[in-house]
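Per-chain numbering from 1; labels A, B, C and D assigned in written order.
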Amino acid sequence: MSKPSFATDYEEGAHPAILKRLVETNLEQSVGYGLDPVSESARDRIRTACACPQAAVHFLIGGTQVNTTMLDALLASYEGVVAADTAHVALHEAGAIEAGGHKVLTLPGTNGKITSEQVDEFCSIAEADGSRDHMVFPGVVYLSQPTEYGTLYSLDELERMRTVCDRHSLRLYIDGARLAYALASPANDVTLPDLARLCDAFYIGGTKCGALLGEAVVVPDPNLIPHLFTIIKQHGALLAKGRLLGIQFDELFRDDLYLRIGKPALKAADALRALFKQVGLKLAFDSPTNQTFVVLENQQMERLAKLVEFDFWERADATHTVVRFATSWATRMEAVEALRQELLG
Amino acid sequence: MSKPSFATDYEEGAHPAILKRLVETNLEQSVGYGLDPVSESARDRIRTACACPQAAVHFLIGGTQVNTTMLDALLASYEGVVAADTAHVALHEAGAIEAGGHKVLTLPGTNGKITSEQVDEFCSIAEADGSRDHMVFPGVVYLSQPTEYGTLYSLDELERMRTVCDRHSLRLYIDGARLAYALASPANDVTLPDLARLCDAFYIGGTKCGALLGEAVVVPDPNLIPHLFTIIKQHGALLAKGRLLGIQFDELFRDDLYLRIGKPALKAADALRALFKQVGLKLAFDSPTNQTFVVLENQQMERLAKLVEFDFWERADATHTVVRFATSWATRMEAVEALRQELLG
Amino acid sequence: MSKPSFATDYEEGAHPAILKRLVETNLEQSVGYGLDPVSESARDRIRTACACPQAAVHFLIGGTQVNTTMLDALLASYEGVVAADTAHVALHEAGAIEAGGHKVLTLPGTNGKITSEQVDEFCSIAEADGSRDHMVFPGVVYLSQPTEYGTLYSLDELERMRTVCDRHSLRLYIDGARLAYALASPANDVTLPDLARLCDAFYIGGTKCGALLGEAVVVPDPNLIPHLFTIIKQHGALLAKGRLLGIQFDELFRDDLYLRIGKPALKAADALRALFKQVGLKLAFDSPTNQTFVVLENQQMERLAKLVEFDFWERADATHTVVRFATSWATRMEAVEALRQELLG
Amino acid sequence: MSKPSFATDYEEGAHPAILKRLVETNLEQSVGYGLDPVSESARDRIRTACACPQAAVHFLIGGTQVNTTMLDALLASYEGVVAADTAHVALHEAGAIEAGGHKVLTLPGTNGKITSEQVDEFCSIAEADGSRDHMVFPGVVYLSQPTEYGTLYSLDELERMRTVCDRHSLRLYIDGARLAYALASPANDVTLPDLARLCDAFYIGGTKCGALLGEAVVVPDPNLIPHLFTIIKQHGALLAKGRLLGIQFDELFRDDLYLRIGKPALKAADALRALFKQVGLKLAFDSPTNQTFVVLENQQMERLAKLVEFDFWERADATHTVVRFATSWATRMEAVEALRQELLG
């Protein structure tokens, strides 16, 4: 791969501190399933970072797995999850939520986001419907922060979503697969303690944010979900060598690394966006995190694909396509520079 | 209930011939689970009516149950069902399809119908999507005939839908909960043999069409679904006293009763529509079967509700509501006349 | 079928009072889904018979359907149901409980029964197991009264089972598919009010006890299961013309018919058992209700099968088979007499 | 942990060659989901080791996850899996198989094994049962090699099991969570090519055999399971950074490391067994792999627990307990020696 690649944000391995710790502790023996002291240390660091000392924290392996497990844990059998029509759970999990028995109740998203007003109206109409008892009850609101489009919910938006959730007895769940890139963004005003205060459950993404794999689920009220350990096991989501996840999050939350780890991605993304504007490429919309969406005329896309790796996102119209450039914690400015050389010559 | 009622088409009991036969045979002993001679006779009559002598025919109890069982039988675990966003399986089955593990992939309907062009485009885009293997595969097209809005697919439309299904390796399934009201409509050009020729499975509705309860599932290729009997049992859909269903369909298909049973409903519905036009009520759209949708100004709706029972359907806008008037095989013209007296009297 | 038949207890139709009521009310219009006045009357009669005025009562269609729906409603996702290895839910529901996501945790039964001591020991071992969190938690105890072998739990046995359930935080659920034959037995000391007092949920069987179809679920604490109506709908178990079920239970509980309706079955079963003893046939065990299990030498079985219909039950050994003779509310003594003539002739 | 520990075989990290490769390739960019060149290389090595060039090979994360995913892929909705009552899928997966909709049909195991005769008899009885269509159909035989008790199936036993599977149209699936310890055992005569020839699917365990995590699923007939990639995704079992699994299996199958990696475990286990016999501890049965089961008088167990870590297995009787000692690829003979010093002083 000699071309610079911005295809996804999970193309590299792990932050060096993680690999170092793995090597150092490799032949130490420890009990499995996350009951080891390192996992306990990682949980404590996360509780501290979330200012939520009583939170239950579980380490799972990947995003689809976490979403399936947690929505199953949060939803009653007659409930579904409200989400943007572009949400990962709605489109790109191969029907995992439905395989777990739950409907995804979609609302039209705007650049990946839905509003508390939309949720409020949807629930109000559902509650007034004479056929309500023949329909799926909304049970959880699913948001992603940042969204699949790299956009952010503001603190005010989340506060209002929480209010609407309380009004309609919904739980609020946030998918933080790329949370480090929200936390690193100057445009973001939502902290980990805010998430812990506002959500019924959320997860802190590791896979895309410096870990080899792994996501940390945070349930601020530890009594909310009885036997979550067993629910995780039943979903095939309990890692035997749980220490592998513990080590990673212990490193990611040592000295607040997680709050900083997204910064190189943001710097590179800003440079990419500036470059695109400079050469006259049209951004689909402003995105304040590590993903940048560009509208390309199709032949232009083909030429560009010879110079750099990016991700096809969606057809805009017969002659235009939206493509995505993703940076990561591991992106080096040299890659952006290489692309600049190609484009500006 | 002294007001005339057009609230639904399942407010009465059964066609008198059915009750008569139940009474006559009440203390005869017969084996269970639909293996009795009367059920066999009913199956044969249905095969004859469908000009499909080899078809597998099973009797189940209600529409949601049939849809859940048959879609589960027709779909692979990684497949979903394509349906109009107004389809019964999409809205009014309390998430039964998802509880069975499958996603409902909705397309925007027009008066309850979707087109073969929509399905073709949806599948073509899905097949071209680079993330296809992370998404639910379309596996079955679900139509209802007549639709939830009382509209009809023409033979030409169904032929084209079949062609699209073949192009994309989809199965075609038709929900015939109100099929008698299609078959009785002068606007209809789709026969039972057409359905047997074009569908992978469909059901002939009993509950809304003269039976106490019961739906007859027809699978034209008897080898399509191995062990369907056991699948039905697993879904709690196997009636112990199967003869109860056999008797009803044996009567409904004796002398082609089923082809005629909807005619009184159509006559009454036509009279209702004429009456509504006469008094200046606005039909939401033209419907050629037993359901009529009327757009009412909200205060007008309240006044009308004092004279006659109908069904709230949906809010049209802040000041208008769509309501439904349903007639049935049992509707007497006296009920329409009574309403005419109230409105014109 | 000229031979007398004791193959099952659901070979006939319905009690004549039910058919009469169906005929009389056939063209009355009523709302669907069990919200009609007759269904409400039936619910009230059942509440009165159970001395449980606050109970939630729902009418479903068949036994497997009720068991699947109610166990799904009563169990958490990480829980399974404890049952005898011969229980209907363990053997003869085509895996419906597992299809709903729950394990059947079997204990060895004795003539269809399990003891509170067995349940207590099973739970105590499970609770002490270091791998407990990797295992299915017992959540519900499933009993049938009478059992699949026609045997009965005594009041004392049920009281002790309740105590064990309380000790281990289990719910108690009783399958009363043949409950009328328990209530009609002189050997029985468990009343409907006892069941309502001791169970978290149970059902009163209609299909095998005088109805065309239908089972009445009783949940003594109406707040135990939120949105049970919707859960029933999601399981495809909500009958559109709910009145059909309401009428049947309204008749079955008018003037306590249900408490008497099993008596002819008991009388005939007693006569059968006396006859079998007289002719030297060996009963597998004493059963006090409408089912009688006989151990036959295989050639003897073949000869007997020419004279009378019975049900193959299980192989006893290489040369012997256990067969079942079932009587019902509709069994006439003439059938027993006819068999007597054949055997003693 | 200063005491020697034989509690489980997944207490350490990974084989050093794996960590070395992870470190060396950490910042290389590669595509996700196992489509990268290293994963492809690992697949090729496994195909070669299995002498099965056409096999589909997929990398998943853990045993419960693999079993759930593969049994779901191999079973029809009306089928269950036949397994020993001590099988991991029967006991220690928190009901994951049932949560996926399938029953585990248990046969009594002997030291973890079931025989082809048992399966043959079970299927023959099921096929002859008049209620067969009301019961779960056996669809897959699940074996583990070595078993949960460390015992081995011989090649002859597996050949006969395959014959029985063919006779009854069953698929054969083998759980190889600890397969390296079978392959390293002098008592073993079953090779990887034998498994590929005899099984419909099996997996090669990584987690317990030298990897940080990961299991390699082998499906010898690549057309057996359409869209297995999507099925894996739907089960939340598709790792984003698939390269992490690819690297591990590429190292484990480089120069046949996997065939040798279990040898230190076997050497240590043999030494443990010799030591136990020397000091008069009673082995529960002879086991030829890395797990050793010892029957201890309860007070003896408590004294021993002060000297060494082991795993409580099950109560033998009121005064005796079975405990397990597990060695692994990482066990050093020093640990056995330390225990010898403690026991023999």
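Side notes on the structure shown:
Going forward, contacts are C-beta pairs under 8 Å (C-beta built on N, C-alpha and C of every residue); 3 or more make two chains touch, one makes a residue touch a chain.
Treat the numbers as computed from the prediction; the structure is a model and nothing was measured.
The interface with the greater number of C-beta contacts, when A-B is set against B-C, is B-C. When chain centres are defined as mean Cα coordinates, B lies farthest from chain D. Note: centroid distance chain B to chain C, computed from Cα atoms, is 33 Å.
Chain B and chain D have CA centres that are 50 Å apart. If you average the CA atoms of chain A and of chain B, the two centres end up 42 Å from each other.
For chain C, residues that reach two or more other chains under the stated contact definition are 77-78, 93-95, 99, 101, 133-135, 230-231, 233-234. Residue ranges of chain A in contact with chain B, taken from their complex: 77-78, 80, 91-95, 97-99, 101-104, 125, 130-131, 133-136, 312, 315. For chain D in complex with chain A, the touching residues are 1, 5, 7-8, 10-14, 16, 19, 22-23, 25-32, 61-66, 68-69, 93-96, 99, 207-208, 212-213, 230-231, 233-241, 243-244, 330. By the touch criterion stated above, chain B contacts chain D in their complex at residues 72-73, 76-78, 101, 133-135, 137, 226-227, 229-231, 233-234, 238.
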